[in-house]
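Same chain, two partners: subunit A is paired with subunit B first, then with subunit C.
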Partner chain A sequence: MSSDYEYSDEDVDYYDDEDEDMLSPQDDDSDPSDEEMDMDTFGDDFKVPQRAARKSYEVEHESLPQAAVVKLKAADIEHISGIFGVDASTASLLLRYMNWNKERLIEKYMDNASAVSVAAGISPPPKAPASSSAAGPERSQGTSSGARSAPAPKPEPFVCPICFDDSQTAFSALSCDHRFCAGCWNAYITSKIREEGEHAIRCMAEGCSTIAPDPFIHTALGAGSATRERFNELLVRHFVSSNPNLKYCPYPSCTYTVSCPAAASKSALTTIVPTVICGADATPPHKFCFGCAIDSDHRPVICGVAKMWLKKCRDDSETANWIKSNTKECAKCQSTIEKNGGCNHMTCKKCKHEFCWVCMGPWSEHGTAWYSCNRYDEKAGVDARDAQSRSRVSLERYLHYYNRWANHEQSAKLSLELYNKTEKKMEEMQITSELTWIEVQFMKKAVDEVEKCRMTLKWTYAMAYYLEKSNEKELFEDNQRDLEQAVEELSELLESPIDADAISTLRQKVTDKAVYVSKRNEIMLEDTAKGFLEGRWTWNVSVEGFD
Partner chain B sequence: MDARLRRVNKEIADCKNDKSSNINIDLIDNSAFHLRGSFPGPKDTPYEGGTFEVDIVIPESYPFQPVKMKFVTKVYHPNVSSASGAICLDILKDAWSPVLTLKSTLISLQSLLCSPEPNDPQDAEVAKHYTTSKRSFEETARYWTQVYAGGSGSRGKAPARDPQKDEVAIAGLEKAHVDQFEALGFERSKVIDVLRRLNYRGANVANISEDKVVEELLK
Partner chain C sequence: MASVSSRRLRKELSEIHVEGCPCGIKLISADDFETWFFSIEVLGESLYQGEVFNLMFRFDANYPISSPAVQFVVDKDHQAPIHPHVYSNGHICASILGTEWSPVLSVTAVCVTLQSMLASCKAKERPVDNDRYVRTAPDNPKKTRFQYHGETIRSHATQENVS
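== the complex of A and B ==
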């Protein structure tokens, strides 16, 4: 609030000047109220665009550059180190052990601090002092560059039990006192980080589960090494992947992270579609779904349904459907038979079972009525036919939705072509008419709009496929139809040839249509999103997260 | 000298000097990074009397990454692949420590032969055999030791006298069972294959109907 006031004050001064110029005859008494009014309107103006931008189909999220994530991580570490009274590197190990879940860590640590420390690899287990099976540590007393200085140094030279190099002089050990030379530590840590991408690096001694704290790793790797950078990156990655509020932008080589607490829980994903955009300055912007692995916008349909639909399209379950509707199964040996001609007296190639293709009953029941089936109502035959017609209907239903889905996807892909065509058209327009470059931008905007709406339409078909038949679904499909119709009309306008005289009318038409389409799209998204929040949609299959 | 080479040379020399452990490491084609290890089968096990050879490859980042080992000698053991010799042992994976040596790893393999871990199998069929009937498993393992690891075996039968008997024993099956299904007109090798796959052994025989076996044979 305070900053708002400060900011407004400056503006008030500005208005004051104006007031004095224009309204000098007025009483000074009215000024305070005017000031307040100005302030209020200004304040609202300042805030409204942000607040209004959040439609019910949009989700609150924040884009964080790498540095901000590092800061968040440091804040967590500081918090824990403050509460437990331990140093930052210990707090970091504790947090990493608990996957950055502060609440659970605090609870467990308060319960039994030493057990957690042992499990997190900070301190060695109480009973086993450093008596490893290896012969090395027994006679291990050399110059130590580690954090812990050797308590009783013996003059005997120490040979690193890994490289057996007696010329080594620098040795170090973790809190478990297993001593190794600096060269081996460096090679070991490097191989763990580079080859395994491991951030929890155990002591080199056999069976020892002490984990190397960050300063130890930094010292062992030396300043400015690339591996050290990689290690810090691994820590940040672990932090982000452990935190349900955070997600890396999935676009290649993008370093941004998005924070979206609203979509952090699984249950939230049944009511919202968390489409987010990362802060990278890219065209097109990095848009992805926070809730699932789809790296584009699948609004208005929720993640669970989108996933199901994609899986269905990918699966060869539809192949099976084809087989079901074009073939029949032998009633005896269940092998699949496609009838490719001939009469209805079928003999299974495999088991030699003879049956009637029309009624599916055994041929023997036909008696002497060869080649004309009069046993159509026999129960076994009826059942077999029913099962077949059911699967045929379901295939047709699927194809209805799939064809439309695929059509919009294809059209959206073709939009690149449309883009180029439009660009040429815009150039043409500039030459043939009086319009300036700015003025011909309406074409480009319209193309963008078409592409956006096609994405929405595409996913509405996936949604409609799974929606249970109801009044709600009918309304949904009405909205869908209106949007589709508008989009197709706009699309057609964009493809139409340009007549030099009619440019201004075309411009008017396209602009109007684009505004209308954009509105329809808004309504579609808005209404669907509201439906999720109100629990208005019912599914004809069981969807993850719904009962 | 390269640190890796120095360490491997020292390990090979240490192994040569140590006569008590009975573990040998030899060079293959004069490279210190591709070796052949061997050790005797442990006493009081089906592997007693055999000599087991292990192919050893020293990776670039040895000893910081684990050494790669697999059995060259065929071994009948739940944690060793009966086909490829691949070994399932924790210290060859994430429990590896740079202080472990070739010798200590080979000793670990030797003790793996003493104590199979059928709950974490490399070879599921062998593991099933082990859990179904330990006695029958041990018989087969002993037979494998005789045939492949050059062991005399405590039973002292000369191997490969009767090639048909061979096949059945190698699969760890009862001759009577194989004969029974062969008599139905199926090829002997197919019968052995199916029965092995179904784990047609010990108490399990009662659980598998003859029809089931025939059905599998017809596939």
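== the complex of A and C ==
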């Protein structure tokens, strides 16, 4: 296998320069457009990355740290508050009511501002004149001390209708003017946030639908309380989950959010696979699909097909299929029987019924014809056999794809193990020979490449299973074959014994092969992605979003 | 810290003693600030003429921020009314005891609401899912997440698995 040098020449110069970042396989090839992969845009600023030569299997996306999401949210609020001439807390309530859909909010608000304000819980329904809709909550949040003192002319003691405490004169109320004491507000708001995770907190009065604006909640909870933090978090969460352009990174305890407007619509998912990487500084990087819940890179196959395939693999349907193809039922007691050898004269172990495996009729009718069934060609027998062989063909077809799919997954794991073993060996060699650490890193790089390509290959089998037979599919499978062959060759090289004398030759071979493999992977991904954009792929089943 | 809930209940109790209960509702016992019993009957024309039911209120420390657990008493002397929103174990499916609860509501307000729920009943029948619900119902009706349909008191129970 190691005689495969056809791709080495052009890359030799590149690989001599071992100072390159060895850990990032994405930067491996000499394609100048690769510079775009640099994740340099993950700061707080929102500049659009310049991806002039984005590859067609990549999707433009941006990773936002928590603070940036908060800023985005504030920008939306500011925008609305500017347009409507309302304060920020009102704008926030309006946006939350409309699930942060600015366009729809503007449209509806322009149409009937007071109705929207009432529905959003900003102003109480009928009594309030329409003009107060915007100024509504200002009353309650005007005083930052939280508990608004009773109006001056009435210094009478205030009895909170909830706790019946009459020793206080301070109370606070939302725009609906239902008055309660600070202690009850605090207990109520805390329980809503802590226990119910609710961010839209209604007035405590029965049947009142006024919603507490943010400043009111902040003062009611007091500065620096954990519940207040939680409330702000709930607001951000609501903002992200309402916004189709945004998604939280699904990795545990990762706080990044990814923005990917290209994959925001369902229809876009029939033409692109939005694999995104969040900005967290993690190894391996947090890579996930923006379009579906599969938490790995399932390129090149689109979300809908990948989901279908995983479901099929999970389903018991194929077990049933196997039973159907490989077993028959005893005509008398219906026990399921697998014939694993011997002649066609069957005796049911359970009920001792003797029958012919071929025609399923009782054996007694066969007389002494032990090894052949003269009733073989009867219509019922032929039909039964046809049905069975059809189901067998479909099972075989599935298994063909499934075995290859599972094999690549397994091999990817094994090659990592191999790498760990090899790494130890290399560490020893580092001590015994003159090689530097950097020089023995080629193995790691190659293993990374193999793993990456095996993931691609894995998903190409899921795709091929559903592809309708056509010339396009043949081209797809040609690419698949080329990639697979290259990967297997590289894999084999990685297994070859390492000794100090031959290490430079081995290194050359491995690095050359890795470059070739990376190129094949590129072609596979690129061509499949282009195929989606051009609508080249046709399916043998109905796939969501395709006609 | 029992302050708010007990102060509030003390106040409600003294109001009951001073002003009395609404017609048809009688306080049976309120020995502590955890469990109270009332009797309730529907006065005037109704399907429940002459029937008297007992109601049990259970309060936790978060009352009145959280709703009381209210159910009809079912024992050898008492039965739950036959009503489309009352299960045979006494559990009541009423939205004011769940999502529509407001801290300004009081014990007597709940009694009055339940009284009018009975008064407006058109047919004496159990909820459709009575058997299924009663078999698996938790002891405390507040652990059931009821689904309220249509009018404020319509409902069917869905069991929430509290493990």
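Definition applied: the second predicted complex is superposed on the first by the 394 of 547 C-alpha atoms of A that agree within 3 Å, B and C clash if a C-alpha of one lies under 4 Å from a C-alpha of the other, contacts with A are read in each partner's own complex, and residues count from 1 in each chain.
Heads up, the rule we're going with is that a residue touches a chain if its C-beta (ideal position, glycine included) is under 8 Å from a C-beta of that chain, and two chains touch if they have at least 3 such contacts.
Not measured: the values here are computed from a predicted model.
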Combined model on subunit A where subunit B meets subunit C, clash or fit: clash
Dominant toucher of subunit A (residue count), subunit B or subunit C: B
Touching partner for A:184 - first (subunit B), second (subunit C), both, neither: both
First (subunit B), second (subunit C), both or neither touched by A:238: neither
First (subunit B), second (subunit C), both or neither touched by A:163: both
Partner chain in contact with A:458 - subunit B first, subunit C second, else both or neither: neither
Subunit B versus subunit C as contact partner of A:207, first or second or both or neither: both
Common ground on subunit A, meaning residues reached by subunit C in one complex and by subunit B in the other: 161-165, 183-184, 187-188, 191, 204-208
Of subunit B, residues touching subunit A in the complex: 3, 6-7, 10, 61, 63-65, 95, 97-100
Touching residues on subunit C, where the partner in the complex is subunit A: 4, 7-8, 11, 62, 64-66, 100, 102-105
Complex contact set, residues of subunit A against subunit B: 132, 134, 136, 161-165, 180, 183-184, 187-188, 190-192, 195, 204-208
Interface residues, subunit A side, partner subunit C - complex: 161-165, 178, 183-184, 187-188, 191, 204-208
